[in-house]
Each structure stands twice: as C-alpha cells, then as structure tokens.
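Below are two complexes that have subunit A in common, paired first with subunit B and then with subunit C.
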Partner chain A sequence: MNRKQRDFYRWLKNVGSKVRDPPASGNRPSYLGSVKSSSDSAALKPFPANDKFVSQPVLSEEARERIWKSVMVTGLPLKAVSAQYGVDMRRVAAVIRLKAIENEWEASHKPMALPYAKAVLSMVPVADLRQSDQPFEAINDIPVHKYTQQQLFVPTSESRHFTRADAAKAFGEHILPPDEKMRIPELIQFERDIAEGVKPQEAQDNFVTAAARSEDELAAKESARVERDEARKLRIESGRFEFRFEKINVDSSGKDGRSRRGVGWRYGVPFNDRRRAVVKIPTKVE
Partner chain B sequence: MVVKIRLARFGRTNSPFYNIVVAHARTARNSRPLEVIGTYDPIPKKDTYDESGKLHKDIKLDVTRARYWIGVGAQPSDTVWRLLSLVGILQPKYRPSAKTATTETTTAAGAGQG
Partner chain C sequence: MKYRRILRYHGLRRPRVRQTWNKYNLYNLMFLKDPRNTARTFFQQKWTAKALTRGYHGEHIKERQWDRMFSRRLLSVVDMKPQYMATNDGSEQAAGRGSGLITGKPKPVNKATPYMQMTFAPMERRLDIAVFRALFASSARQARQMVVHGAVKVNGKKMVHPGYLLNPGDLFQVNPERVMTATGRPRILNEKLPFEKKIKNLAKKNEQNAEAEAEGKNESPEEAAVIGETKSVGSIGEAALKLQKQKELRALMLRAKEVVKAHRDMSGKKKVVVRALVKDIKDTINKAAKRDTSLQQTGDALHDLSVLVSKLELSEEELAKKAASDAEAAKTGSRFVQPLVRLTDAEREIIEKELLLERENPVDPSKPYATPWQPRPYMPAFAFIPRYLEVNQKICAAVYLRHPVARPGLAEVPTPFSETVNQLAFNWYLRRG
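Entry: the complex of A and B
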C-alpha cells in the first residue's frame, strides 16, 4: 500500500465515513460537497472540484400528488396552485399532464420504472412543498427586453401620473409593461389588497376568483380559435381517407406573389431546408 | 392558349407536395403559374391523439378563385377534377359505383355551399 492509498483509507475512516454510511437526512442526498464544508450551499454540490455544479431540487412524489389533487380534485385554478406552492405555472401544468399519463398507465396495468424513479429521487434533493417550506422557485419572473436596459430621459409634466405602462411605452411602442408580461398578474391586486388592509382570507378568495376568471377567458379564447379554424375547414369522407379542405385566400401571397404568408411552395426564392447549420429537428410535437 | 388547373410537384424525393396552380397549358410544370390557388399534400396523415388509425389528407384551396377559373373556362387535370368535385365545384368524372357517387355528391355539394 503506497502513501496515497494510506491517505485515502485514513480519509475514509474519519471524514469519509459520513459519505460511506450517510445518516438518514430526509430529503437530501449526502453529496461529497457536504463533507468538504458544512455550509448550506455546499450540501448541494455533488462534485467538490466543480464548484459551479449545483444540484437543483425536484418535486417529491407527495408534492406532485398534492399539486394534482389541488387542481383536479379541489378544482383550484393553475395560477392559484402555482402561487400557493411557489411552483412555476408551467411546472404545475407539466405535473398534471404527467400525472394523467401515470394514472392512465396504472389503470391499464402498464409496468412503470419505479426502482429507477426511486434511485433518481435518492440522488437529488427533493422538495416536499410543505406549508413551512421556502417557495420552490420564482413564479413571477419576467423576461427582460434589451430595450429596457438603457437609461432614458423622458420629459414629462410634474402633474402627470407616470405609470409602469407609460415607462414601457417610453422604451418602445411594442414594449409591454411588467404587469402584462408576468405569468400571474393577479398577484399584483392580491398584494395591493393586503397592503390596503383587506383580510388575508378575503384577498386570497378574490385572487382565486380572478385567477379562475382569467383562465376561463383563456380557455374560451382558445376554443374560439379552434372553432374558427374548424369553420375554415371542410371535411369530406371518401372511404379510405378523409379529405380536409382548408379555405385560403390567394391574396395572402401579396402583390408580387412572394410573401411568406402565401400558400404553397414559393417561386423564385431559395428554399433553406437543406442549408447547413439550420436546426431541422422539429421543435414541437403535433 | 389553353389555361389549365393542374398540380405542380414540389417537395422532395419520396415526399411529394403539390401546388394547385392555374397555368397556361404549354408551360413547364414548375414554371411560375398565373396563380397558385392551393396546395395538395398527397401523403395521408394521422391525427396525433387519435388512436383509431384514421388517415386524412390535407388540401388548401381558394374555393372562390377555383370557381372563377372554372367559370372562365380553365380546364382541370384529372386529379384536380377529382379534388374539385369533392368540394362540389364540378360534377365527379369517374364514379366507382352509382350508389356511393350519389351520396358523395350530395354531401359534397351541401358542404360546398357553406
């Protein structure tokens, strides 16, 4: 046994024993980082030599079950559930979609890779989403437009009530104010209510109502779009296939007939489907 | 010169895609036509979340322009005739059997009005 090996075994006996036989630490795996330093951030670093690698927490089985129940059983709007648990709306939606698939598989007795799921969950920090927990992630982040990162001097009268909407206009005609960019703008009114001394329960109820209304509006808009698209289509059954005729307008190709909005293969313009360095993998499933 | 309504083959090898075009009869197939009045994708497709395995074909067509060109005497090719007869712009040329043809024309004509 050489010196390095001796050192290693000594390390394994003393400090390394924490990693070899980790104490049951609930939702956190024991990473090597926690051996090196006892700080909270070090506990999420599996590779002590790679300081930039921080393990991100995932939702536990119970948390996913709780989210699914709040939406599908209790019937809360997605926005309310997102705000309640501090989980991004897209993640809430994904949980519900995946849970639906899981339930479908369970019902049809399809085998599931449970040992794999268990193994993966034991290797990453897991969030249970209990009441006392910190929010899981930021839910109302807004994308920052490049135009809004400059300094602007906008002369305006003192008496004018200069709002965030005005500020957005000043940056550019197409720049939206943050209130319209955020995913859950109803939280603004909720915070205002709280600040004005409305009872928390009442403010919460108002928030849930507003969230439900906005989601209903979105659903109505979407179904109207589907209906409108369907109205433009003519379905004709002919034995083997259904022929779907979509009504179009030849004028959509513009005056010179070369507009991108026009229907069909375009004439006299290069077609880039074989061009190099252009991603041709489909980016969505339809 | 005779004006025809015909298909112009675009797409790639083994994946045809057609423009439904109005063009002079003696011009090349893929030359710039008088007008592109639609497209025809001959490859049957399935709906993503439909598990019945039913196939459909997608066609885009400016019905008004098609009617206009037929009205001024443009001559459709056989394939285009078949497509236009589905939406009730023309009478079907070939009838596989009298019974199916009559039902098809009535549904197609009824749907074509709307």
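Entry: the complex of A and C
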C-alpha cells in the first residue's frame, strides 16, 4: 500500500464513516459539505468545491398526499393549490400523475420499492408543506429572454412615466412585459385587492374563482382544438385496421418542396429515414 | 466488444471525479481543488478544465456527440413577486436621477446568477443521466445499462436509447427490482448475516425451553401416559394432539410477547425478534399443515398468524375447564400449573404493525441484492434530487418538469466544479480564440 492509499483508508475510517450509512432515526441529510465545515449553509452542499449547488428539499409522502387530496378530493384548481403551498404548477400536476400510477399499482397489488422509498426520503431534506412552513419554491419564475440580457440605452424625456411594459418594448417589439409572462397572473390581482383593503377571505375567494375560470377556459380551448382536428379526419374501421383520411395540401411542402410540413415522399427529395449515420433516436414520446 | 471505460476509472494518483457513488469517488470529491492556473497559457487552462469537467459530465458520451449538444444559450429565471408587481409598475426604478429615489436605506444587493455553472445543462436532458439524478442508479453508466437493457419506460413506452433527450413533462419509469438491485447492498453468496445467526440461536433456545417444559415440570402423569400410549400405538391420540397444539401456540405467543417488549427498542434487537417470530410462524403453520390439510402456508406472516390463532386457540369452554383444573392443581400444591399465554388487543395491534413492516422488507435469498434491502454504503453523501425532477420513489418513476435553470445565487445543474473551472470549460466549447 502506498501513501495515497494509506491516506485514503485512514480518511474513510475516520471521516468517511460519517456519511457511510443513513441516520439511525429521523431525517438528517449528511453531505460532504457538513464534513468539511460545520456551518449551517454548508450542511446541504453535496459538492464542497461548488457553493452554488444546494440539495433542496423534496416533497415528503405527506405533502404529496396533501396536494393530491386538495386537487382530486377537494377539487381546487391547480393554480390555487400551487399558490396555497408555494409549489410550482408543473410539479403539482406531476405529483398527481405519479400518485395516479401509485394508486393503480396499489389496487393491483403490484410490488413497490417501499424500503428504497423510505431510505431515500430519510437521506434527502424533505418538506411537509404544513401551514406555517415557508413556500416550497418560487411559483412565478419568469424565464430571462436573450434580448433582455444586453445593456440598453433608451433616450426618453425626464417627465415620461417609463414602466415595465415600456422597458419590454424597448428590448424588442415582441418582448412581453413580466406581467404577461406570469404563470399565475391572478395572484397580482389578489395582491392588489389586499393592498386596496379587500377582506382576505373575499380576496382569496375571488382568486380561486378567477383561477378556476382561467383553467376552464384553457380546457375548453383544448377540447375545441381536439374537436377541430377530429372534424378534419375521416375514420373508417375495418376490423383489423382503422383507416384515417385527412385532406392534404400539396403546397404545404413549400417552394423548394423540402419543407418539413410537406407530406409523403416527393420526387427528387432524398428520404433519409433509413440512411446510416443519421440519428434515429426519437425526439418525443407520446 | 468495444471497451468504453477507461482504465483507472477511480484513481488516487490522478484523481477524476465521476458520476458514481463509489467510495474512491467520495474521497476525490472531498479533496477536489481547482487546478493551479498560474504561469499557464489560456489554452492550457481551458484544456485542463475541459478534461476535468468532461470526466464527470457524461464521461461515457463521445466528445463529438457532446459537442453537438452543447449550447451557448444558458437558461435562467427571475422570481417576480406578485406583491411587488401589484404595488409597482417599474417606473420607480427610473425615479430621481434615473436609478431610483435615494431613501437612505441601503439598497438590497442582488446575488449574481451563476451562469457558468450551467455549462453542462444540456447533458441533464439525457435519459440515462436523468435516471442517475433521480437516484434510480448508482452511476451514470449503470443508468445507461438500465436503459439499453430495456428496464426504462418513457411515457409508458419502452425506450432503449440512453441519448433520448427528455422533453418537459416526460414521465420515465424504471423497473423497481432494477432500482433496488442498483441502489441496494450487493449480495455476497453464502454469507451468513449476523441477525441470521442470532435468529438461529434464539430458535434453539426456544426449542430447548419448550422441551424442558414439556418433559420436566409441565407433563402430568396422565398426559405422559397418553403420549406413551399413542407412541406405542403409532398414531397421535386426541389428547396428545391437543397438548401439542397448546405447546406450539404457547411458544408462539411467548415469541410474540417478545416482539411487544422490543417494540420501542430502536436498535437492531427488534428486527431480530420480529424475524424470529416470522420464522416461528412459518414453522408452526408447517407443522399444523401436516395435521390439518385445510391449513396452508401462504408466505404471508400476518395472515398465517391470524389463521394459527383462530385454529389453534382453545375454545372458551376448554379455557374455562383449563382454568378450573389449574386452580385445583394450585390448591393441591401440584407444580404442574401452566399459565396460558394470551395476547391483548393492543399487543396484537403492535405485532401486526411490526409484521407489516417486516413484510415490506423481507429476507428473500432469491433476490439479486442483500436482503433485507439496505442502501449501499456512502449513498447518503450522494443522495440529492434536483428541482427539475419530481420523483416518486415508491413506483420508481419521475417526471422531467422543465430544463434546469440558474437563478440568483443558485444553479440547478449538479456539478462538483467551481465557477472558474466551468467557465474555462464553457470557453473551450465556445471555440473562440
């Protein structure tokens, strides 16, 4: 054994043993950050050299159950549940999707990875989403547009009331102001109501109504789209196959005949779907 | 077959941090330092940074492939508070001399967004790396193998391409058995685990006790005579059968009592006792099944216990008779008093709970991992789940919610390297100067 190996085994015996096994009781993450320094901020850093990465809490079993109940049993709109617990809307939807599979497995007695789940949730920091807890994550994140990353000098008059919407326009004609990019814009109205002295309960009710309405509108729009698509198709059931006929426009292949919206094989245009060295990994699964 | 993995994967002399839960990797991660860049050309600095970072981020992916995936567009977000949006329209930031009014209060300093830590963000979209990040595999290479071997489904359909780039909203599932194998302690063939020895010792002791009880103090002369008679005849008589049943049940109940006693014990003792009970239930029902063909072992300790108790327990009438005979024996000073062990409802509840826990994580030598399942060593140091995934560990499924983003003070791409190293690597892939 050389010196480096000796050092390694000595470290593993003395220090490494602290992170070898999960804590005997309760939930206590043990990362390398806590081995290196005893400060609170280092406790959740798995990479000692990277202080910009933190192991953030995940939803506990209890929290998932709570989210599932408020959507599927209480029937609250997703936006309201998201605002109530401070959980991103996409995460709320994912929790419900996963829970549906879990329930299906439970009903059909399919074996689940229970000891694994228990062990993992004892190792990572978890959030229970109790009433008094901090919001789980930011629910109104706005993606930074590339056009807004440059510094801009816009000459205006001193007296001009230059707002967010004006700033967005200055960056580009198509750049939307943050008010229109909010995932839950109904929350702005809710805060405005609160600032104007509307009773909290009333403001909350208004918010839930507005959220439910916007979700209904979205659902109606989606079902209308599906209906429209269906109306264009003619389905003929032949026992073994279902034939679907759809009207095609020849011009959709474009001027050069190579547009991706064109349908079918076109004379003189190579069809590469069986060529070697062409990436054939699917880009989406539906 | 092409040998993709380089030799000295986890080295101490020329350490490279990898995407694994290996103990050597843990050590290298602990002592990872930025390379010394003084007196080196910019090219040399970038080269080293690229080599270091690529040794971790998708080391199993060819450089050409990653080169195509690389994007200079780094995603970031800003949290806009609705409260601020409701009370301000943004014009206050241009008030005064053009940069907001001077109020005397110190202005809050915004943390910088660590964009450079997002250099390898496109890599996190890959299916194999996402499986590793969801803690379903102990290394990225193992995750890749799971995908190639057909253990991973995307949106309910089998996906065999580890290079599939997940789209926001994609749900991927891994076979739970594969996950338990990958993340559990490996099984060592013919290894006797300490608790197995303990169970054996306990069982032996129990047997000896039962025998001693049966032979020594508890057998009344008539019973002995009955047993002797049946032995000579060759078929078990009614009385002896009842006695045997009683004895078995008594041993079982004693064992169950031990479980109740150890209920609050947090050490390993509880596990040993519960497993011994399960083993006893199995043995008892096997014995009972030989006598009574209507009984059958189901492999479910909880069910078996309830069957045993209902079948073997004496009826109320018999109990009363027994109590009377006991009292008589006590009066006459006879030493053949055998108190019947019975469980209260509360005790039964505790036992049922313990058996349920035991059923979740049973001892099963047919499994490819060590049973009962335990996480592999050093897993806690690597166990984190990034926010762009939502994982359900019970069914080993996860949803890729969105692409990883940077926000003020935090970057979501799990990278062990500092901003300096990542920036140099980013500059390498920009291919400029």
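One rule holds for everything that comes next: the second predicted complex is superposed on the first by the 199 of 286 C-alpha atoms of A that agree within 3 Å, B and C clash if a C-alpha of one lies under 4 Å from a C-alpha of the other, contacts with A are read in each partner's own complex, and residues count from 1 in each chain.
One rule holds for everything that comes next: a residue touches a chain if its C-beta (ideal position, glycine included) is under 8 Å from a C-beta of that chain, and two chains touch if they have at least 3 such contacts.
Given the structure is predicted, the values throughout are model-derived calculations rather than measurements.
Undergrad: Identify the partner contact of A:V285: answer first if only subunit B is touched, second if only subunit C is, both if each is, neither if none is.
TA: Touch status of A:V285: both partners.
Undergrad: After the superposition on A, what does A:D256 contact: first (subunit B), second (subunit C), both or neither?
TA: A:D256: touches no partner chain.
Undergrad: Considering only the touch criterion stated at the top, classify A:E227 as touching first (subunit B), second (subunit C), both, or neither.
TA: It touches nothing on subunit B or subunit C.
Undergrad: Does subunit B (first) or subunit C (second) touch A:D40, or do both, or does neither?
TA: neither
Undergrad: Should A:R90 be classified as contacting the first partner (subunit B), the second (subunit C), both, or neither?
TA: The second partner, subunit C, only.
Undergrad: Classify the contacts of A:E173 with the two partner chains as first (subunit B alone), second (subunit C alone), both, or neither.
TA: neither
Undergrad: Under the stated touch criterion, name the partner, subunit B or subunit C, that contacts more residues in subunit A.
TA: C
Undergrad: So, A:P29: does it touch subunit B (first), subunit C (second), both, or neither?
TA: In the superposed model, A:P29 contacts subunit C only, not subunit B.
Undergrad: Would you sort A:F243 into first (subunit B), second (subunit C), both or neither based on which partner it touches?
TA: Once the two structures are laid over each other on A, A:F243 reaches subunit B alone.
Undergrad: Which partner does A:W11 reach: the first (subunit B), the second (subunit C), both, or neither?
TA: Touch partner of A:W11: subunit C, not subunit B.
Undergrad: Same subunit A residues contacting subunit B and subunit C, which ones?
TA: Shared contact residues on subunit A: 285-286.
Undergrad: Quick check: in the complex, which residue numbers of subunit A touch subunit B?
TA: Going through subunit A, the ones touching subunit B are 234-250, 253, 257, 262-265, 267-268, 273, 285-286.
Undergrad: Please give the residue numbers of subunit C that touch subunit A in the complex, ascending.
TA: Subunit C reaches subunit A through residues 12-13, 23-24, 26-27, 29-30, 32-34, 73, 75-83, 85-87, 89-91, 94, 114, 117, 135, 154-155, 157, 159, 161, 163-165, 167-171, 173, 176, 179-180, 183-184, 266, 360-361, 372-375, 377-387, 390-399, 401-402, 405, 407, 409-419.
Undergrad: Quick one: in the complex, what on subunit A touches subunit C?
TA: Those in contact with subunit C are residues 4-5, 8, 11-12, 15-16, 19-25, 29-32, 35-36, 46-50, 52-56, 58-59, 64, 88, 90-91, 94-95, 97-99, 101-102, 105, 111-117, 119-121, 123-124, 137-138, 140-144, 146, 161-165, 167, 178-179, 182, 184, 187-192, 194-195, 281-286.
Undergrad: Spell out the residues on subunit B that touch subunit A in their complex, using ranges where they run on.
TA: Listed in rising order, the residues of subunit B that touch subunit A are 8, 10-12, 17, 19-20, 32-33, 35-39, 44, 48, 54-63, 65, 83, 86-87, 100, 104, 107-108, 111-112, 114.
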